[in-house]
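Here come two complexes built around chain A, the first alongside chain B, the second alongside chain C.
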Partner chain A sequence: MALIGRALLILALLVIVYGIATSLYGARTGRAEWVASGRRSVYTLAGLMVGAFAILEIAFLRSDFAFNVVANTSSTTTPTFYKLAAPWSSQQGSLLLWVLLLSLWSSLILFLTRHRVREIAPYATAVLLGFAGFFASLAVFYANPFATSANPPPQGAGLDPLLLHPSMMIHPPMLYSGYTLLTVPFAFAVGALITGRLGNEWLMIVRRFALAAWLFLGIGILLGARWSYTELGWGGYWAWDPVENAALMPWLCATAFIHSIMIQEKRGMLKIWNASLVLASATLAILGTFLVRSGILDSIHAFGASTLGVPFVVLIGVMVISSIGLVIWRRPQLQSEAQLDSLLSREAIFLLQNLVLVAMVFVIFWITFFPLISEALTGTKVSVGPPAFRPFIVPLALVLVLLSGIGPLIAWRRVTASNLRRNFTFPVLVGVATCATLLLASDANARPFALIMFSLGAFVIASVVQELWRGTSARRATTHDPLPIAFGGLIRRNRRRYGGYIVHAGLAVLLIGVAGSSSFQHSNNVTLAPGQRATVDGYAISYVRPTAQASAAKVTFGAVLSVSKGGRHVTTLTTARSFYPAPDDPTLGPISDAFNGQADSQVGLQAGLTRDIWTVVNPDLTPLQGLITDGDRKFLQLMTSLTPAQASSPTVVNWVRDERAQAITELTDRFVTHPWPVSFLLIVSPLVTWIWLGAIIIAGGGLIALWPVPAVARRRAASRSASRRPTAPAVPARETA
Partner chain B sequence: MLAFLVVLAILVVVVLVVTGPLRHAAATAAQRAPNWTGEDRAAPGSERAAVAELEAARAAKYREIRDAELDHRTGKLSDEDYEAVDHVLRAEAVEILRALDRVGGGEDSGT
Partner chain C sequence: MDPSRKRAIRLTVALTAALLLASALIWTSFSAGQEELTASQLLKNAKPGQSYILAGTVLYGSVQHEGDALLFSVRDPKLRVSVRVRYTGAVPDPFAPGRGVLVTVQKQGGTFIGEQNSLTTKCPSKYQAEASPS
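Up next is the complex of A and B:
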C-alpha cells in the first residue's frame, strides 16, 4: 500500500507539471483543447490525492506501523475517532491534506468556470497547480508520508495527548480549507492581471470563494481558541501565539477584501487595493503555513524545527515579487472609474474599515516577527507577549466595532442629516443606555476600554436588529405575510446583505465576550488539601476529595471540587491531570516511565451566560517520588535476576507486566488513600460563553451570505429583466425587500 | 507485482483522462475540413471577454439598483436622494446595455 501511495504522489507531481505546461500553452495559443486538458489535470490530481489520502487513512485505521508516520503519531490504543484525525497531526500527513484540499477546491472553481473567464482560467489553473506542485514536492522529497520501516515497532508512539480533543478533528481541516481557498482568488487575480481582464467578472467568480475561505478560516481559528480554553490548562483562549496570529492575519485581510470588493463591484473603485488585498491574503496564508512548518518562531501549535523553511521562503518571495510586479505593470488599467460621492456613505465607511483591518494586520505582523527582526539587527531574540499587542489592537478593535455598526445604517453613495437622525437614534440610544447602566450598576468604569466595547457592541447589535426589523416591515408592507415568513423572505432574498449584518452582530457579541472575560477575570493559584477551600470573586471553592485512575494508557490524578456562593451550592467541578507513559526514554525506569511522559489536563468547567467557573488541578508528584524510585530499583533487580529463558517465557513476561501494572495502580491510588495538598488554578471569567455564541452567530451569518441564490430565483430575475428590455433599461422589479 | 500492475493501470487511466480533450479535438478536426482551425481559435476571444465583462457589470448594476431601493424602503435614503441615485444608476445601466448591444451581447442572462 505504501508503494502505491508513493506512486500516486509521484504521479500527481507529473500530472501537475503536465497541467501547468498545457494550461500555459493553451492560454498562449488560445487552443481550448489544451486548456481543457490542463483543467482535467486538476480533476485528475484531485482523484490521485483522494486515493493517496485514503491509503494513509487506512494505514492509520489498521495501525500499520510499517508506515513511519503511523508509528510516530498513532498507536493501537488511540481511539478510532482520533486515528482518523491523526494524519494531520504530523508534518507529512498535513502536507498531504494541504494538497488534497487544494486540489478539491481547485477542481470545484475550475468546474464552475469551465464556460466562463476563458482567458483568465488557464493562467489561474497554472497558478493553482503551481501551489499544488510546491506542496506535493515537499511531500515527495522532504516529508514523505509513505516512508516505511523494514522493522516496524509492535506499538506506535501514540497521538500527542494534547491533540485528543474533538476540536482537533475539525480545526486543522478548517484552517487548511481557509488557506487553500485563499489561493483561488490569488490565482484568478494573477490570471486577470496577466490577461488585463480586470473588470468585474473575475471578482464575482472569486467572491464566493473568498467568503468561503474567510468562513473556514474563522471557524478554524475559533475551534483553536476553544481547544486552547478547554485543553491547554492555562485558562485562556487566545495567547497571541505566532501560529494563532498567522491564521488571524489572512482572515483580517480577507475580511477587508470581501468588503472592499463590493465597492469595486458597484463603483469600479479600489481596483489596485482589491488586487493587493487578494494577493496579500494568499501570501499571508502561505506565511502562516510556513510558520507552522518551519519552527522558526516558538509556538505550541508548530510542528517544530524542520528543513522546510527555505522552500517556503522562496515561495513567499516569488509570491511577493510577482504580485507587486503584476500590480505595477497593470496600474494604468487598475485606475478607479469613480470618486467617492460623500465621506458619509457606505463606501467611505468600508474604506475606513479596510484601513483599520490592514493596520491590525500590520501591527500583528510586526510584533509577531519582532523577535526575528530584533535577532537579525541586534543578535538578540527579544521575546514579546500579549501585552505588546494590546495597546494597538484594542483601540483598533473599538474603531472596527464602531464602523461595523455604522455601515449597515447608511446608504451607498449619499446620506442626508435627516436620514442619519432617523437611522442612528435608536442604536445610539441603546449604546448610551448600556454605557449609563453599566456605569451606575457595575464596576465597569474601572475598565474604560471594556466599557466602551460593551457600549459599542450594544450599538452594533441594536443597529442590526433595527435593520432586520425595518427590512421585515418593508417586506410585510408589500407581501402582507406574517412576521416570521416576511423575515425569512427578507433574508432569503437578500442573503449577502443580511448575512453580513448578522456577522456584524456576531462580531459584536464575540468582542463583548473578549472584553468582559479579559478585563474582569478573577484568578487564584492555590494549594489545597482535601477539605480546604479558597475564594475567587465571591465563589467559595472547596477541594472535596481526590480521585485517581491507572490504566495501560495513562495515570490520572484528579479532584472533585464544590463551588458555592453566599452559602448556596452552585456546582460541582471535576478536574484531572493525566500522565502518559514514556517507554522510549532510556533515563526512566520501568515505574517512573508511567509518571514522566507527556501530560494533559481535563478542565473543570461550569460555563454560563454571565460567567464561567474554570479550574484545573496540577498535582505535585514529589511525595510519590521515593516510592517510584524504589519501584524502579526493585523491578530492575527483578529483571536482571531473570535467566534468558525466563525473560523470554510468556508466562514470566505477563507476570512481570501484571506486577508492574499492579505497582503503578497502587502508587496512583496513594493520591486517594494518602492525599497531600495539590495546587489548583481557579478562574472566574465573565462572558466567555459570549465568545462562542458570537462565533456561532458569525458562522451562521457567513453561511447565509455564502449560500447560493436558488436557480429558480435567478431565472425569475432574468425573465423579469428580459421582459422589460425592449422599452426600458432592464431594471429589477421594485419589490426586492 | 500486484502493486506495480495497480500503478500501471492508474497511469493508463490518468493519461487517458488528461489527454482526452486533445484526442477529442484531433478526432473532430480530422472529420472536418482540412483547413478548419478550431472553434475557439476562430471565435473572437476579446469580444467574448468584453461581453462577459459587460454582463458582469450589468449584474452588479442591477444589484446596486435593488440595494438602493431597499435602502430607500428601509429609510436609509430620503425620497429626493433615492430619486437622484436611482436616476444615476438607471442611466449607468442603460449605458451598459447599449455597450452590450454594440458588442453583440444582447442576450440577457439575468442577475
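Up next is the complex of A and C:
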C-alpha cells in the first residue's frame, strides 16, 4: 500500500512537470491541443491525489502502524471519526491534503473555464501546477507520508488529546481550502498580466473563487476560535498567535479584494490595486502556511522546527518578485478608466474600507514578525504580546464597521443631500438611540471603545434591515407576493448584493460579541475546597463535590459546581482535567507516568445569549506526590526483582499491569475520598454567543453570495456589464508572452 | 477645485496617515516589546526586577508542584543549560515535558519567578520535530 502511495506521488510529480511544459508550450504556440493536454494533466493530478490520499486514509482506518505517520498520530483506541481526521494532524498528511485540495479546486476552475479566457488559462494552469509541484515535492523529498518502518510498533502513539474535538475534523480542511482557493485568483492574475488580457473577464471568473476562499478561510478561523474557547482551557477565543494571524492576514486581504473588484466592475477603476490584492492574498496564504510549518516564530500552536523553511522562503520570494515585476510591467495597461468623482460616494467608501483592511494586514504582519525584525535590526529577539495589537486593531475595526454600514447605503459616483437623508436617517437614529440607551442604562460608558462598537453595530444592522425591508417592499409592490416569498425572491434575484449585506450584519453581530466579551469579562482565579464558593460578576459559584476517574487511557480529576445568582439556582456545571500517560519521559516511574503527561481540560460552560459562564478546574496533585513516588519505588523494586522468565510470562505481565492499574485507580480515587482544595478559573463573559451567531450569519450570507446565479440571470447580467464597460483591447498571447 | 490638486491633497492625506500609522507601530513595538531570551542568555544577562520572556523546552523530569506553584526547568534549545522557574497561574493544556514554552519571568534572588498567567505552550498538534528526552 505504502509503495503504491509513494508511486502515485512520484507519478503526480511527473504529471505536474508534463502539465507545466504542455501548458506553456500551448500558450506560446497557441495550439489548443497542448493547452487541453495541460488542463487534462490537472484532472489526472486530482485523480492521483485522490488515490494517494485514499491510501493514507485506509492506512489510518486499518491502524496500519507500518506507516510511520499512522504510528505517530493514531492508535487502535483512536475513535474512527478522529482516525479520518488524523492524516492532517501530521506534517506529511497535511502536505498531501494541500496538494489534494489544490488539484481539486484547480480542476474545477479549469473545467469551468475550458471554453473561456483561452489565452490566460494555460498560464494559470502552469502556475497552479507549479504550486502543486512545490507541495508535492515537499511530500516526496522532505515529509513523505508513505514512509514505513520495517519493525512497526504494536500500538501507535495516538492522536494528541487536544485534537479530539469535532472542530478538528473540519477546521484544517477549511483553512487549507481557503489557502488553496486563493492560489486560483493568483494564477489567473499572473496569466492575465503575462498575456496583457486585463479586461474584466478574468476578474469575473476568479471573483467566485476568491469569495469561496474568503468563506472557507473565515469558517476555518472561527472554528479554530471555537476550539480554542472550548478546548484549550484558558477562557479565550483569540490570542493573536502567529498561526491565527497567518490565517487572518490573507482573509483580510481577500475581504479587501472582493469589495474593490466591484469598483473595477462598475467604474473601471483600481486595476493595479485589484491585481496587487489578488497577488498579495495568495502570497499571504503561502506565508501563513510557511509560518505554520517552519516554526520560525514561537507560537501557541507550535509547529516545531522543521526543514521546510528554506523552500518556503524561496517560493515566497519568487511570488513577491514576480508579482511586483508583472504589475510594474503591465502598469500602463492597468490605468484606471475613471476618476473618483467624490469622497462621498460608494467607491470612495470601498476604497477607504480597502485602506483600513490593508492597514490591518500591515499592523498584524509587523507585530507578528516583529521578533524577527528586531533580531535582524538589533540582534535581540523582542516579543510584543497581544496588548500591542489592540491600540491599532480596535480603532481600525471601529472604522471598518462604520464603513460596512455606510457602504450599502451610499450611492455610486456622488451622493446627494436627499440620498443622505433618505438612506441614513433611520440607521443613524438607531445607532444614536443605542448609544444613549447604553449610556443611561448600563455601565458601557466605562468602556468607550465597546460603547462605540455597540452603537456602530446597531447602525450597521439597522442599515441592512432597512435595505432588506425596502427591497422586499418594492418587490411586493410589483409582485403582490406575501412578505416571506417577496423576501426570498429579493435575495434570490440579487444574491451577491443581499448576501453581502447579510455578511455585513453578521460582522456587526460578531464584533459586538467581541467588544462585549473582551471589555466586560469578569474572571476569578480561586482555590476552593468542597463546600466553598467564590463570586464572579454577581454569580456565586460553589464547589459541590470532586469527581475522579481512572482508565488505561487517562486519569481525570473533576468538579461539580453549582452556580446561583441572587439566591436562585442558575445551573450546575461539571469541569475536569485529564492527564494522559507520558511514555516519552524516561525520568518518570511506572506510577508517576500516569499523572504527568499531556493534560486536557474539559470546560464547564453554560452559554447564553447575554453571557457565558465558563469554568475550568486545575487540580493540584501535590497531596498525591508522596504516594505516587512511593508507588514508583515499589513497582520498580517489583520489576527489578522479577527473573527474566517471570518478566516474559504473560501471567506475570498481566498481573503487574492489573496491579499498576489498581494502584493508579486508588490514587485517583483519593481526590474524592480525601478531597483537598483545588484551583479554578471562573469566567463570566457577556455576549460570547454573539460571536458564534455572527459567524453563522456571515457564513450564511457568504453562501448566498456564492450560490450560482441561474444561467438566464447570469447572461442578462453579463450583457448589461458588457454594454456598460468597454473591454481591454485583445492582445494575442504569443505576441506578449 | 482643480481635479489634479484634489488628487494631490488626497494623496498627501493618505501618505501622512500611513506614515503616522507606521511611526506609531514602530514606536509601540520597540517600547512595548520584551526581550525574548534563551536559558543561557537569561542566566548571563538577567537583572533583578526586570521582566524577560524565557523561551525553550520544558526539561524532562523537572516538573513539580508546590501548592499552587508549578516548578519546572526551561532548557536552552542549543546548549545544555536550563533555568528553574516558579510559576503560578493558568497552565495551558499542552504544557508537558519536552514541549516548547514561553513564560515571562523576573529574577528574584537566585530564582526566576514566572509572571502569573504568562505561560504559553507550544501546541503539540502538528508538525513537531522529533522530541528527544535529554
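Keep in mind that, in the parts below, the second predicted complex is superposed on the first by the 710 of 737 C-alpha atoms of A that agree within 3 Å, B and C clash if a C-alpha of one lies under 4 Å from a C-alpha of the other, contacts with A are read in each partner's own complex, and residues count from 1 in each chain.
Heads up, the rule we're going with is that a contact is a pair of C-beta atoms (placed from the backbone, for glycine too) under 8 Å apart; a residue touches a chain by one contact, two chains touch by 3 or more.
Source: prediction; values computed, not measured.
Legend: residue contacts after superposition of the two complexes on their common chain; A:130 is shown touching neither chain B nor chain C.
Of the two partner chains placed by the overlay, only chain B lies in contact with A:40; chain C stays clear of it.
When the shared chain is aligned, chain B comes close enough to touch A:414, but chain C does not.
Using the contact criterion defined above for the overlaid structures, shared-chain residue A:173 touches neither chain B nor chain C, since it reaches no partner.
Of the two partner chains placed by the overlay, neither chain B nor chain C lies in contact with A:604. In the superposed model, A:527 makes contact with chain C only, not with chain B.
Interface residues of chain C, counted against chain A in their complex, comprise 3, 7, 10, 14, 18, 21-22, 24-25, 28-30, 32-37, 53, 55, 60-61, 63-68, 89-100, 102, 116-117, 120-129, 131, 133. Of all the residues in chain A, the ones that touch chain B in their complex are 1, 3-4, 7-8, 11, 15, 18-19, 22, 29-34, 36-37, 40-41, 43-44, 48, 51, 116-119, 197, 199-201, 203-204, 265-266, 409-416, 418-419, 422-423, 467, 470-471, 474, 494, 497, 714-715, 717-719, 721-722, 725, 729-732, 734, 736-737.
For chain B in complex with chain A, the residues that touch the partner chain are 3, 6-7, 10-11, 14, 17-22, 24-25, 38-41, 45, 48-49, 52-53, 55-60, 62-71, 73-78, 80-81, 84-85, 88, 90, 93-94, 97, 108-111.
Contact residues of chain A toward chain C in the complex are 89-91, 94, 160, 162-163, 231-235, 239, 292-293, 295, 298-306, 339-340, 343, 355, 359, 362-363, 366-367, 370-371, 373-374, 380-385, 387-388, 391-392, 525, 527, 582, 584-588, 596-601, 618, 620-622, 625, 679, 681.
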